[in-house]
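In what comes next, chain A is part of two complexes: it sits with chain B in the first one and with chain C in the second one.
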Partner chain A sequence: MNITVAGKKTEVEEGISIAKLIEVVKVENPLYVTVSINEEFVDSKAFEETVLKENDFVEFLYFMGGGSF
Partner chain B sequence: MIQIGQEEYKTIIKHAKEGLPNEACGLLGGIVVSGVTYVKKIYCLTNTDASREHFSMDPKEQFAAIKDIRSNNLQLIGNFHSHPETPARPSDEDKRLAYDSTLLYGIVSLMAEDSPVFKVFHINEAKEVSEEEVVII
Partner chain C sequence: MAFTNEQLERYSRHIILQEVGAKGQKKLLNAKVLIIGAGGLGAPVAMYLAAAGVGTIGIVDADEVDLSNLQRQIIHATKDVGKPKVTSAKETMNEMNPDVTVNTYHTFVTSENILDLVKEYDFVIDGTDNFPAKFLINDACVMAKKPFSHAGIIRFKGQLMTYVPGEGPCYRCVFQSPPPKDAVPTCKQAGVIGAMGGVIGSLQALEALKYILGVGELLVGKLLTYDALKMEFRTVKLPNHGKGCAVCSDAPTITELIDYELTECDGK
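And then the complex of A and B:
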């Protein structure tokens, strides 16, 4: 099926979970990533059981922070 | 090389100055053509830490910016933040929290408030830093 990941059309297997998608697209630091599907935030505890559907829009976004020292 | 327009550059500096005495932060939307990164739009975000030594971006503001970036056919090319009292170079904390090596990391130093210094860096997975040439057009 086709979904859009970070703005790019991507073909993935039917019934893929967010957890599996994170593996497939090789997210660098999964522990620090926030995910939205169709602009709805997904709790990281639900990554395993949340299954994607055809034409879903998925965004990965890292925590962004830092400091002067 | 990174090309940024005068207006976009001024937006970054203005946001950094308005954030004083705290750090300010934001995102950079743009395009990459033939190895050259063009900064097209600046997203000024809230530093939720409200600190002069730290910053954190608000995830909801981040996602709103991403939505706008997608709708404008741009890419998230990086972020920026200010160092009110230290040089424009990634701190240990900046490097530790640079979770995405595909992004550019811009830093504005306001050590000399009337002469801000803006530099842009890559930070790879090994936390090695390399500076990118910035051309203001």
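And then the complex of A and C:
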């Protein structure tokens, strides 16, 4: 099925979970990533059981420090 | 307050803008912005806000200028090494624009002092590099109902978002709590390309200026991310504010400020 990950059309296996998608797209810091599906946040405790559907929009948001020092 | 001839000339490129005009320039001269962190992000923010004639600018930073700062912190010069960053920043800003009153706070922000600091200002800039400070700034601004611009930079990437009370999600809506020590690299550990602070800091300055002027659309409910290697800007829409957020929802579970542990790798 096709979903959109970080703005890019991506083909993934049917019924893929957020946890699996994090592996497949090699998310940089998987333990500390914030995920939204169709502009709703997903609780990080629910990454295993949250399953994606055709045409879902997924965003990964990352902690970023930097600035001073 | 009437403009002097010198001010009319200094701000002529602003005054000619339909979105600014004489009225907007007066708003800027009457505005107060607090910049927390006089480093990679705070340097360009402070310089552009000073140049723009933001009348009162506060700068908070406990550090002294280090030679390794100068690759990106363009408000400081080689002669400033060893000086408090707030002193060096103030000198540069006053040289650029004597119209601006610069208040310096040579200290870290803590749960003890931050509310007293932010309450004096109209808009706050988060130019810090550590997560305890970023969460403290967020929570204090939510509690004090102050708008602020959050930003982060690392390697060839940067991101920013703007919080306006009651209008969109806060930083904690997106990132619930600070990551554990060493879980997410800092600039010192991972490096940062010098000009990144200029790009993201200038965008923070623009958000502050737009907020003061009341023009355009702010990055409220949106996270702007920038990848310099791919030369890609993306605006990611954020979910609505408040839904279960520990600090900005209608039933917050965090009602007092928290001093998270500042880890040694964050320190400098």
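Convention: the second predicted complex is superposed on the first by the 65 of 69 C-alpha atoms of A that agree within 3 Å, B and C clash if a C-alpha of one lies under 4 Å from a C-alpha of the other, contacts with A are read in each partner's own complex, and residues count from 1 in each chain.
FYI, a residue touches a chain if its C-beta (ideal position, glycine included) is under 8 Å from a C-beta of that chain, and two chains touch if they have at least 3 such contacts.
Remember, it's a predicted structure, so these values are computed and weren't measured experimentally.
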| item | value |
| --- | --- |
| Contacts of A:Ser36 with chain B and chain C, given as first, second, both or neither | both |
| Touched partner set for A:Glu59, first chain B, second chain C, both or neither | both |
| First, second, both or neither for A:Gly7, with chain B first and chain C second | both |
| Common interface residues of chain A - those touching chain B in one complex and chain C in the other | 7, 29, 32, 34, 36, 39, 41, 59, 61-69 |
| Touching residues (chain side chain A, partner chain B) in the complex | 7, 28-29, 32-34, 36, 39, 41, 59, 61-69 |
| Chain C to chain A touching residues, read off their complex | 37-42, 61, 63, 69, 126-131, 134, 151-154, 157-159, 173-175, 179, 183-188, 192, 196-197, 223, 234, 236-239, 243, 266-268 |
| Interfacial residue positions of chain A with respect to chain C in the complex | 6-7, 29, 31-32, 34, 36, 39-41, 59, 61-69 |
| Complex interface listing, chain B residues touching chain A | 23, 25, 49, 51-57, 59, 62-63, 66-67, 69-70, 75, 79, 81, 83-86, 90-94, 97-102, 125 |
